[in-house]
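Across the two complexes that follow, chain A remains constant while its partner is chain B and subsequently chain C.
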Partner chain A sequence: MTDSIQKLKNLLITRLKLKVDADQITEDTQLFGPEGLGLDSIDVLELVVGIKKEFGVEISDRQTAEKVFTSVGSINKYIEENR
Partner chain B sequence: MSVSLPPVNILPHSYPFVMIDKIVELEKGQRIVCIKNVTINENYFTGHFEENPSMPEILIIEAMAQASGLIVNNNKRTLVYLAGIRDASFKRPVVPGDQIFIRSSIIQALPPLYVFGVTAHVRDEVVSEAQITLNII
Partner chain C sequence: MKRIVLVTGGSKGIGRAVVTAFAEAGDAVIVSCCRSLNEAEALRLELFPKNDAIFIEQANVADYAQIKRMINNVMEKHGRIDVLVNNAGITRDSFLMLMSERDWSDVIDINLTGVFNCSKAVSEYMISQRGGVIINIASLSGIIGLPGQTNYSAAKGGVIAFTKALAKELAHFGIRVNAVAPGVIETEIINSLNEKVKHNFLDNIPLKRFGRPDEVASVVRFLASQEASYITGETICVTGGLP
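So, the complex of A and B:
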């Protein structure tokens, strides 16, 4: 669990070139909006590609994506359940 | 499926911005192989560069993007915008007389956004690679 969330944080930071430290990201960190990481739809697609490469977990429809991409914890949960 | 028609009627682009001359192979929704013949009379060679003409690398990206758009295009005129370029590299200059083979395949689709892995070869040598994201509406 801890291992995969750490990997996910690194993926977020490196793939999306986020200017935050891994320590500043928690499971409750929201992906969108100024209070969260401020991601946009292209970032989400990048993340989908990154998650497939890194974890072998596919997210191929918009409904699933909308459900999964709310917080860092929700992505981690989906990865844990589907890898 | 093998297609040899010029894609001019299915691309929303028109002269002088059609960067694809021929579709060699097309599997709709999956992959494509296209050809771009680089001729000395392309207008950009006048200034890029007068003594040593080479195809501007950004136009190679444009050709890659147009080829990729054709994978998704359903014979109706859609609007396609370039939404991202990642890990682009250019191994050597493309010069007049070169025939570029552009191979693109969908890595990820999340409509209206699509990610493609694209390579461009001249005489079996990779001249360029990129991951391209298109917004197709």
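So, the complex of A and C:
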């Protein structure tokens, strides 16, 4: 497991105040819907700010956001490619 | 005498209903569109049995040179413009933090600068005529502000303020300027939403249904008529009770 995914999991749990353990989150975990983390659009804004602060990676347009914010793995991939 | 009515963005949605309402009342209607020429032509053919005075002009409202050319064409062909309905508009929704500069400027250019361009181009003729009516299609979004629509809310709020200011400038010449602010109207955009989102919308609307394009069009026609002769600088909400 890469360093960034662990940091990303911590970021998700602390910034979004998720009531799950880091072990329960995998790269395949979806961000939206009852099967996933159940995030909403306001959470996405919180994540955009958190990712910029923690990893220095900026997401500033809707098309990129739609691509990046699907699963935990897709966020991690984008961070790894752009940090 | 037939009135000469110009409707921008007249081939689809609310614009289409506005064109239909004026055409059915016997006015000559110029449908201005940018990319939807096929839809405009289909509308012209549909209305033809009732009214053969429907004309199509292609121009991008965001481009003053194109609008000036279009208005000059209309004046050459018809000799006057009695009613301008500034309806052309687009949405490019996203939260501000995820909004590209392009999404911001496209919405401002078409929804707000487009109103400036068309109003400026017709006003010199309306002043010479000593009469005319300008009706701007605003939005509830421009009054209450909607999340994900900072660009659209800013543009439509701008249109409402523009309406008030221009009404004061042109009142002296017998020209009235008003706006209509529709709420959630059944158009392609609304029909494409999923049932859950539609339900959430409906829950918040006092009349518990979406508006129909013809319900907006009838208010536009009223504002363009002599029955509204003492109304100017006003914005009329057609929102089913919102906000």
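Throughout what follows, the second predicted complex is superposed on the first by the 82 of 83 C-alpha atoms of A that agree within 3 Å, B and C clash if a C-alpha of one lies under 4 Å from a C-alpha of the other, contacts with A are read in each partner's own complex, and residues count from 1 in each chain.
Here, a residue touches a chain if its C-beta (ideal position, glycine included) is under 8 Å from a C-beta of that chain, and two chains touch if they have at least 3 such contacts.
What you are looking at is a predicted structure, and each value in this text was computed from that prediction instead of being measured.
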{"item": "Contacts of A:83 with chain B and chain C, given as first, second, both or neither", "value": "neither"}
{"item": "Chain B versus chain C as contact partner of A:41, first or second or both or neither", "value": "both"}
{"item": "First (chain B), second (chain C), both or neither touched by A:67", "value": "neither"}
{"item": "Residues on chain A lying within both footprints (that of chain B and that of chain C)", "value": "41, 44-45, 48-49, 59-62, 65"}
{"item": "Touching residues (chain side chain C, partner chain A) in the complex", "value": "94-95, 97-100, 103, 148"}
{"item": "For the chain A and chain C complex, residues of the former touching the latter", "value": "41, 44-45, 48-49, 59-62, 65"}
{"item": "Complex contacts: residues of chain B adjacent to chain A", "value": "83-84, 86, 107-111, 113, 115, 131, 133"}
{"item": "Residues of chain A defined as touching chain B within the complex", "value": "41-42, 44-46, 48-49, 52, 59-62, 65"}
